[in-house]
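What follows is chain A paired twice: with chain B in the first complex and chain C in the second.
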Partner chain A sequence: MTVRLRGIQVESLSKSWGNTQAVKDVTFSVESGQFLVLLGPSGCGKSTTLRMIAGLEPVSGGSIHIGGNDVTHAPPARRGLSMVFQSYALFPHLNVAENILFGLKVRKVGRAERDERLKRVADMTGLSELLARKPAQLSGGQRQRVALARAIIAEHPVCLMDEPLSNLDAKLRHEMRVEIRALQQRLGMTVIYVTHDQVEAMSMADKVVLMRHGRIEQQGSPEEMYARPDTVFTATFLGTPPMNLIELADGAGGAVIKGMTDASVVAAGQGDGRLLGVRPEHVVLLDEGGLTARAESADYHGADTVVTALLGSQRINLRVPGRFALEQGAELRLGWRAEDVHFFDFESGRRCEQDALPRVA
Partner chain B sequence: MTPLALALRRVPHAVILAVLAFAILGPISNLLLWAFAEQWYFPYKLPVTWGTRYWEVVFRPSGDAMASLGTSVAIACFTVLVCLAVSVPAGYALARLKLPLRALIMLAFLLPQAFPNLPVYINVARIFYSFDLNGTILGVVLVHAVHGLVYSVWITTASFAAIDRSLEEAARGMGAGPLRAFLTVTLPLALPGIMASAIFVFLESLDEFTGTFFVGAPEVTTLPLLLYTASMAGNYQIASITALILLVPSVLFMLVVQRFLRADVLSKVGR
Partner chain C sequence: MNVTSPTDAVHGQGGSASSRLTGSRRGFSVRSLLPLALVAPALAMVLLLFIYPLGYSLISAFTLPEGGLGLGNFAKALELYSRDMVFTLVIVSVSTVLIGLVAILIGGYLLLGEQRWAVRILSVLYRWPLFIPFIVAAQCMRTFLAKNGLMNNTLTELGLIEAINTTSFLDWRGIIITFVWKQAPFVTLLVAGAMAALDRATVEAARGLGAGRLRVLVQIVVPQVMPTLVVGLILSFVTMMSVLSVPMMISGGHPTMMTVDMAFRINAYGDYGTANALGFFSYLMTGAVAWIYLRRGIDKEGAK
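And then the complex of A and B:
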């Protein structure tokens, strides 16, 4: 199965209902064959953005181009895309085969071709045995597959998905994540995928668009966003546990950790009104030197342990390989490399450039 | 607890059930007795002579009963058609409306029921008179339809509202036009509710008396009018048999509605 190559450009898109502005000035683009994830907390406008691209919601401002054509005001059927709904939107009165074939029948595709495409898609999604069943007789994962099959049988180059995995359990979610990604790559589909789950975003996306309060907070590849967050919001939204943010204060010879008695300098320059960010996996335990912290608790995950410690009065998480035998209140010596440290302005939450001092002896 | 005590605890239930059964079946058994009584007079507790003579009278092809049954059924069918023609589009639109506005419009359909029937129908009759609608089938159908619209609009709105909106969007997204999406997805899913409302309207029309009396009589004679005239004339046999005929569709309706109306539709009625 091959699909024509098509990219999507979204320019200054906005949407308001009366006084509430759900989407504000959203601009991003997806290249043909790319997997883009719209990520963000609940209510940030992801679904609204996706529905505007699908043509299910009229736009209040901005434009949408698909494959170079302006489709801002085109009806859904004219946009050459298929959509997977969060609720799956399977037709309860039709069986699996009829559900999958609905679009082909509407477009008057011949019977022979219909049957052939149904067979191919059913094989691909593992639904061959279930074609005669009604949606009510399927498990959540099977329904999800039907929704997916219904979207890909159209052979549209663009597929939009709104939290398609949110109703599944953790194990199935992982399997489906891998399957959807593999299918997308095999068919060369351009996908816009909505989720509030940062793990899904990190593991599936070529490009992540992180939204907050209807605006784009930051966009880029998962690696870029993880390694160089522009804001505190991005820094804490990606990664579990999230990045540690430690308040700094002005001290003798540079910025020191706020509230620490034996304050040692962690950065050159200003400390007041600044936050130091460091990811849990970048904090290391030292034998000597470093910052003194007090162990508080340990959360064992199997492959590693997340240790929570108090740095003065501020909490910090660090990831330690294997099992960590914790003595509550024990003294830990913590350090990190200068290149693993981020700085943010406390007021605006924005990233600022500052020289960190290495805390690794 | 002893078996006797257990049995005693069931006594109140049994009494309640028996009272209910008597309240429901008592009048019906009286109807049955009258239907098969050829002679029954005071002080006898049961009919003096039994027989089916009056059934023959009622079912005689040339009899009033058969003619008025035909009229009743025809009026009921037309009433259903008129109600569906209004309530399917109206219900679909109302189900998509925001709540306050929707509640307001649905209340408007309730309005004819809010006033006492008699003055309303007398006024309707007066107005219809000036349109030459009095004594016509059309006039009676219109009166029945106003009455039936309450049920059909409310139930149809509920059935449309019970359908997940994204189903229609999915159909649209797959290339179906608005009409096709409606006919292949929305309508089949709403059909049980629409059927139930149609049956409801049909029965209401079959049963309707006051409006028919003021607008239709004496030219249009429906079964309830016949029943009224028969019992006024002291002909209890004819009246009972007519009442039994009227009972049949109601019982069938109860059976059908159970299958058609799902809980999720019922829970949305009036919302």
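And then the complex of A and C:
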């Protein structure tokens, strides 16, 4: 079973309720067969954007094109898309088969074709044994599969998903992430997926659109956004633990870490009003040289340990493989490579270019 | 200087323990009586104002005018008023069905309507009849539905009918119209509340799958609010069975409703026996409706 390929273009989309503007000038595009994730914290406008694309919320400004057709003001059923809701939105009085087939019955698809499609989709989603059950008799994961099956059976080229895994436990969420991604790739569907979970976004997306306060903060591939964040918000939203942001100050010969008695120069040029960003996995422990820090705590995760240390008065996290035997207050020598360092303007929070000095020979 | 001997101390302790025990027993009995004391006034009201009159009327229905127990009053009620019993059942049943339809339509529009101003106006307007007593509603309908009433005059003025062709609706149709007008808001209030409490995403999902508003209403919304709708309709059925003013004022002639017959037996003849026998048939009708509902609830629980 494959679906016709269709891309989506969203241009200058905005939504306001009275004086409250929930979505402001949002522009992005999704190519056919691409998996795009709208990511952001609660209240950032990602679900509202998705609902406008679905036709469930009238737009206040801008346009939406699906497969080249302007659907900005078209009713939901005319947009050629299916949707999976956070609450699954299963019809509680209908059994699994009736839930899955509802859309086909509405479209007056013949009985033989309905049965054939139901069998195929039920096999694909592992629901063949559960078709006669009511939603109340299913587990969270099974309900999620029914919602997916209902979206898949329509064979629409575009599928919208609004935080579909947020009601599942961590283990099931991981399994479903893999399944959804595999299904999307197998069927070649164009998917827009809303989540506040950066792990979901990083692991599933071909493209991530990070939103904040109704605007797009940054968009790009997960790798691009992780490796080269445009803003402090992107730098800290992606990654667990988030990127270390260390305040700099002007020093003799360049920028030094603010508040450090060991005033080693970490970057050429200005230090005041700048933040140095470095990811925990890029901070390394040195035998000699580097910057002196005091060990504060260690958070053992199994495969690695996240060590928190004080660099002067500023906290820094570093990820070390395996278990780390921490002696609280012990002196650590830390370093990083120049190419792993990012600089941001303290006031605007935006990325700025500056030459980092290598802290690891 | 007070010196307490070990024995005194033991006695003292024993005495206080004993008094604690007694106190706790007294406390226990008072505590156990408190709920009863709280429930007693309400229980007394139910016994005095409901159970006693109900029992008395049942006994009266089976008490023959010449004394002793028998089915004479029932035979007389059936002989004189069987047509009115059927008429009552038909009127109330048809009204119940129409009330259900009106409640679903209004509730459905409040949930699915796209003209926000119309939804807002309707949500205020539909409740008004709730605050009008049956007797006032009946008087309003008399002036509205009469041969030269507001409805016919308006239709004549609009040129839709000839004045000579106007007919009075002050008969069974008037009773039904009044009942529906008066009771539909009550059921709508319950149904609209249940609809508002539904997971909105189910409606949006159905719309997204291509269902029109009518299909969403009939296939998705109504089945989910059916328990609330049925409760509202049963309460309305029972209410309509007991209304006297509407049939009396809208259509006093024959056939008429059982409440009019009961009032007539008591006022004209002081015949409480036949009136209570008619009341017994009323209980049977409302009891049957309640039984159907309860059975349905039990079957559903069993299915779960």
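Operating definition for what follows: the second predicted complex is superposed on the first by the 360 of 361 C-alpha atoms of A that agree within 3 Å, B and C clash if a C-alpha of one lies under 4 Å from a C-alpha of the other, contacts with A are read in each partner's own complex, and residues count from 1 in each chain.
Rule of thumb we're sticking to: a residue touches a chain if its C-beta (ideal position, glycine included) is under 8 Å from a C-beta of that chain, and two chains touch if they have at least 3 such contacts.
Since we're looking at a predicted model, the values are computed, not measured.
Trainee: Will chain C clash with chain B on chain A after the two structures are superposed, or do they fit?
Mentor: They clash.
Trainee: Is A:68 in contact with chain B, with chain C, with both, or with neither (first, second, both, neither)?
Mentor: A:68: touches no partner chain.
Trainee: Which holds for A:77: it touches chain B only (first), chain C only (second), both, or neither?
Mentor: A:77 sits against chain B and chain C alike.
Trainee: Considering only the touch criterion stated at the top, classify A:85 as touching first (chain B), second (chain C), both, or neither.
Mentor: both
Trainee: Does chain B (first) or chain C (second) touch A:322, or do both, or does neither?
Mentor: So A:322 meets neither chain B nor chain C here.
Trainee: If we overlay the two complexes on their shared chain A, which of chain B and chain C does A:18 touch? Say first, second, both or neither.
Mentor: neither
Trainee: With chain B in view, single out which of the stretches 9-17, 153-161 or 189-197 of chain C clashes with it after superposition.
Mentor: Of the candidate stretches of chain C, chain B runs into 189-197.
Trainee: For chain A, which residues lie in the overlap of the chain B contacts and the chain C contacts?
Mentor: Overlap of chain B and chain C footprints on chain A: residues 54-56, 75-77, 81-83, 85, 87, 89, 91-93, 102-103, 106-107, 150, 154.
Trainee: Which residues, counting only chain A, touch chain C once they are in their complex?
Mentor: The touching residues are 54-56, 75-77, 81-83, 85-93, 102-103, 106-107, 136, 150, 154.
Trainee: Flag every residue of chain B that touches chain A in the complex, lowest number first.
Mentor: Within the complex, chain B touches chain A at residues 164, 166-167, 169-177, 180, 184-185, 188-189.
Trainee: For chain A, which residues are in contact with chain B within the complex?
Mentor: 54-56, 75-77, 81-83, 85, 87, 89, 91-93, 102-103, 106-107, 150, 154
Trainee: Quick one: in the complex, what on chain C touches chain A?
Mentor: These residues of chain C touch chain A: 199, 201-202, 204-211, 215, 219-220, 223-224, 304.
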